[in-house]
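A, B, C and D are the chain letters, set down in written order, and residue numbers restart from 1 in every chain.
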Amino acid sequence: MLVIMKNDATEAQVQAVVREIEALGYQGIPIPGAQRTAVCVVGNKGPVEDSRLLALDGVKETIPVTKPYKLVSRETHPESTIISIGDVKVGGDKPVIMAGPCAVESEEQALTIAHLVKKYGASIFRGGAFKPRTSPYSFQGLGGEGLKILRKVREETGLLVVTEATDHSNIDIVEKYADIIQIGARNMQNYSLLRRAGNASKPILLKRGFAATIDELLMSAEYIMSEGNTQVILCERGIRTFSDNMRNTLDLSAIPSIKEVSHLPIVVDPSHAAGLREYVIPLSKGAIAVGADGLLVEVHHDPLRALSDGMQSLYPKQFEKLMEEIKSLHR
Amino acid sequence: MLVIMKNDATEAQVQAVVREIEALGYQGIPIPGAQRTAVCVVGNKGPVEDSRLLALDGVKETIPVTKPYKLVSRETHPESTIISIGDVKVGGDKPVIMAGPCAVESEEQALTIAHLVKKYGASIFRGGAFKPRTSPYSFQGLGGEGLKILRKVREETGLLVVTEATDHSNIDIVEKYADIIQIGARNMQNYSLLRRAGNASKPILLKRGFAATIDELLMSAEYIMSEGNTQVILCERGIRTFSDNMRNTLDLSAIPSIKEVSHLPIVVDPSHAAGLREYVIPLSKGAIAVGADGLLVEVHHDPLRALSDGMQSLYPKQFEKLMEEIKSLHR
Amino acid sequence: MLVIMKNDATEAQVQAVVREIEALGYQGIPIPGAQRTAVCVVGNKGPVEDSRLLALDGVKETIPVTKPYKLVSRETHPESTIISIGDVKVGGDKPVIMAGPCAVESEEQALTIAHLVKKYGASIFRGGAFKPRTSPYSFQGLGGEGLKILRKVREETGLLVVTEATDHSNIDIVEKYADIIQIGARNMQNYSLLRRAGNASKPILLKRGFAATIDELLMSAEYIMSEGNTQVILCERGIRTFSDNMRNTLDLSAIPSIKEVSHLPIVVDPSHAAGLREYVIPLSKGAIAVGADGLLVEVHHDPLRALSDGMQSLYPKQFEKLMEEIKSLHR
Amino acid sequence: MLVIMKNDATEAQVQAVVREIEALGYQGIPIPGAQRTAVCVVGNKGPVEDSRLLALDGVKETIPVTKPYKLVSRETHPESTIISIGDVKVGGDKPVIMAGPCAVESEEQALTIAHLVKKYGASIFRGGAFKPRTSPYSFQGLGGEGLKILRKVREETGLLVVTEATDHSNIDIVEKYADIIQIGARNMQNYSLLRRAGNASKPILLKRGFAATIDELLMSAEYIMSEGNTQVILCERGIRTFSDNMRNTLDLSAIPSIKEVSHLPIVVDPSHAAGLREYVIPLSKGAIAVGADGLLVEVHHDPLRALSDGMQSLYPKQFEKLMEEIKSLHR
């Protein structure tokens, strides 16, 4: 860590910073510059808690050199993590496709879509039983009934199942029924839910918040891993920017950035970023080309009758085309 | 609602949209334009669920004319809401000052600060017992012990107390000890926590998420109100932007925007937006001048020893000055 | 266009809006809603100038249905435009690679790099003679001398040349020497320069501004086309967001969005978005997969000695690898 | 400056960095950390050009400690600059109000508004003769005719005049007619125009770009000052963010941030940020309370007939109210 002093910091203030660094158990080396002095912190084995340093008079800011996460870091775990669930390997050589409707609406709907996406090459079925909705008056999902339908889907099709746990009241039952527990973007910094996920026996799909930096996403994964669950799959799903051509701006630069600093696999959800099905195929291709370990895609056999997100769900024909195009990308 | 058709939409597709609107119970009126057709939805008493319309072939987008919230809206409740807690009126003529440390660290610390902020004119004491922290390795607050200290503060000083409930595991006890229950920015879309807050017997201080629009903040308030708790105080605390001069960009334009569409009171937290104490006084003055109903300010008698957020906590002398400057603004 | 009235708008105010629409030569149809009234504008052949409508009492906002651009629009020109420059076709079946150093530094440097990038498959040489720099104290390019070097590069290698015109004082000479005139991101809304570019005899490479929406980029292209120059190549180069993992956030969603509404070709500059050479290869692959018509990439034979942007310039070996990976994407 | 090495940087790479720093004329001091090494650059009198350092193998990034600007910096000029133009002092004790229409439309319009704003306390008249417009088809201003009207306004009312120079073709004539030359947000990084402004004999009003950081705004002011014109007035006018409640997000935090690092005065334009006249009064009050040196406000005697920006222009009555409210703020 580097402690930057203000321009008018006195020598006594610099010495107070050095003493505080020593009190924290490290060494402080003042580096005088033309305009201001910086103090380097040496001897730390990990991140330095900077709150006391920042509070000292004459201190302008601190600049961390060491990242605050450990377990998610590639520095502590150089090989990329592969998460094996049944026959499926997330983070392996082949991109993993998770596909299905936004929400489970009925057994017939779920099974129809599941058979279709399996036929075209998906290995995991996605579908929400508990839906976080911006409006309290919108359809909130079938709940436990939806989970039972998901179990049926798995039994009939052999597809694995990923579905969202939205809070403490449903994570126990989701853990029981799902193969992968999804933590949604709005819950990315719901720390008690992250801790609970860290105690789950199933892998976690952790979506990046709309306004989360890469470091914050990784810190949230660190919460899960610090409780003992090492099976975390990250998911980029678009961020909030001024750009208004799609619902969110899909940040594909997150893939190489995360791959550089973390060993965890990362998949991309183009459906929620795009908001319109026309854009899902090109964004999916971009995601795979950039190095994503898989996709989370919304597909519906009858988008016109979908209870939510119909406009961003692919028609089965489009999903078939997507799978073909991705295959050729990957050859 | 207006349904915008694509340029190449056929007459049959326009008719299908009209039929779907009628099936929803409203009337659809096609408005042909030079380049494309729009269909106006008439006869609805509130927001129209647009998912089925968006899913129809030939539809480009829908444009809602009616806002999706009801209970928070000034349209249903034209007078500004004043929330009375003891002698304090939030939303009344006088700005309400909530001040105190980021976290309750000890009885001595809390009482020392409470006496100071009371002396200079604060009417509500703020201080965290349960702290949401980005890192699992940071200080997480004193928990239940902190709440007991807050009760002591109230008994000794007569100040009301606001403190954060971070999840379902602590909202019961926070409700018991606090006068106002804070829901933090990271939990603004934690819908199950919002519903629980909607059943609480105490007023809620709801902070705007880093990346939430005004409409989303109001929809989250709607969640609380739809459960029966009408005592909601909104709080602007800075949004995520590209600008790097402060931690977050304080969006003071939110105050007049919210005042226009909602009857709920809104306060401003300049400390978390600024991240540095130097900026707290000017931003506080701006907030009051723009029309905020109060402030949530971090103050510490010994910021150098604060366990969190020391660099953004005002010294008592600075808080005294802040209170004086605000008074003159308000005369 | 739709004119949305305020909730408390009077019938007289609605009628005033209708009359104003009629005065503009169109027809106004009031659509009463449950909470407020909207007035649809019918009969216009293009965008409606809304300033007078917005200024009327009782008007809340206007919602345009028709896009404000014409010449760049796919509606007026359904087939994708292919720009032929010598043997190179921008917007055709094969992505076009424009590669070279940030700045022309010397004849030897330019020729060395040009031979390298030609060998690996680039068809256009990029290199700045006039450099827009954030600091007045930074290297500003070789100017006219640099242009002469670029001419030599073209003569010796047969590569076409793209270079930036930064203002009126150098666009004449750039037009004389370059095969494609680049207008930089900072000049995207320098309207007099755009008009001058619209009178140029060479194709224009127009970069998206850091904070420009897709519509604004297209409006700037419209400026150029409205003067008669129909050869415009758009370029996505990253936008300003809160995300701090790369210098800018490369918005690959811009490619399908632009392809949908405009017939103009679009290329991607991953080097300026990334800011670090490690990320250039994955982002380039993503760009091609998403459908970009080409790339603008920085390459330097000796990045350690580059006078600008050394850290984002590919080594020749990396560029060779990039070209191979793109080829396989495109097969 | 601090040079951060990658985790796996070798000792030889660290030594190469030290040698390069010495070649630049400074001293390099390696600071070994637990995970990686940093090298501090010591002995520089100003900013260090880091491009060669960044290009070295094993270097992850550089962290500048010294700001890149000099002439605009409060470090080189501790007292706040006051710019005197006639009797008006920008940056002095009293906020300076610049008011008038978006565009000069006719002599009658300009004089009517000028008399009104003078009556209520404005000391500078604003009004565009050359208008930068997003669309090539929109009204572009009266040009030289508008400048003559502005001269008449000054002669008749005694108000000073500020108007925009949009490019090299009109800055000469604008310099002749105006008391203050405005450089617009879209031209903030039009460096050749900035250099020309730096040679002007009149003060410059430099508006912050939609997506410019504070440092970039100050670097653009540095361009002007480096040519010899020390009379620069900065202007905050809103930035691009995801927030959609107003046209742009007015960043009032820019005022204290700039005041801390620069001696230049700064005014605020609430009209362009808001986009709607309802919000202009509260944002103006916020701007003054936060410490702005003045306001740039759009006023029109007949907004319904304004040729541009009618919806954000204050009615004369509203401007009168604004001036009264500001006076009370400032007492």
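By definition in this document, a contact is a pair of C-beta atoms (placed from the backbone, for glycine too) under 8 Å apart; a residue touches a chain by one contact, two chains touch by 3 or more.
Predicted, not measured: the structure shown is a model, and the values here were computed from it.
Asks: Which chains are in contact with both chain A and chain B?
Replies: C, D
Asks: Please flag the chain sitting at the greatest distance from chain B, going by CA centroids.
Replies: Looking at centroid distances, C is the chain farthest away.
Asks: Indicate the whole-number Å distance between the mean C-alpha point of chain A and the mean C-alpha point of chain C.
Replies: Each chain reduced to its C-alpha mean, chain A and chain C end up 31 Å apart.
Asks: When the C-alpha atoms of chain B and chain C are each averaged to a single point, how far apart are the two points in Å?
Replies: Measuring from centre to centre gives 38 Å for this pair.
Asks: So, what's the distance in Å between the C-alpha centres of chain D and chain C?
Replies: Between these chains, centre-to-centre, one finds 25 Å.
Asks: What are the residues of chain B that contact at least two other chains?
Replies: If we look for residues of chain B contacting two or more partner chains, we find 211, 239-242.
Asks: Given the complex with chain B, which residues does chain D contribute to the contact?
Replies: On the chain D side, the touching residues are 211, 213-214, 239-246, 249-257, 260, 273-274, 278-279, 282-283, 285-291, 328-329, 331.
Asks: Could you list, by residue number, the parts of chain D that touch chain A in their complex?
Replies: Of all residues in chain D, those touching chain A are 2, 4, 7, 29, 31-36, 38, 40, 42-46, 63, 65-66, 75, 240-242.
Asks: In the complex of these two chains, what residues of chain C are touching chain D?
Replies: Touching chain D from chain C are residues 49, 51-52, 54-56, 59, 68-69, 132-138, 166-169, 186-187, 189-193, 195, 209-211, 216, 219, 222-223, 226, 239-240, 303-311, 313.
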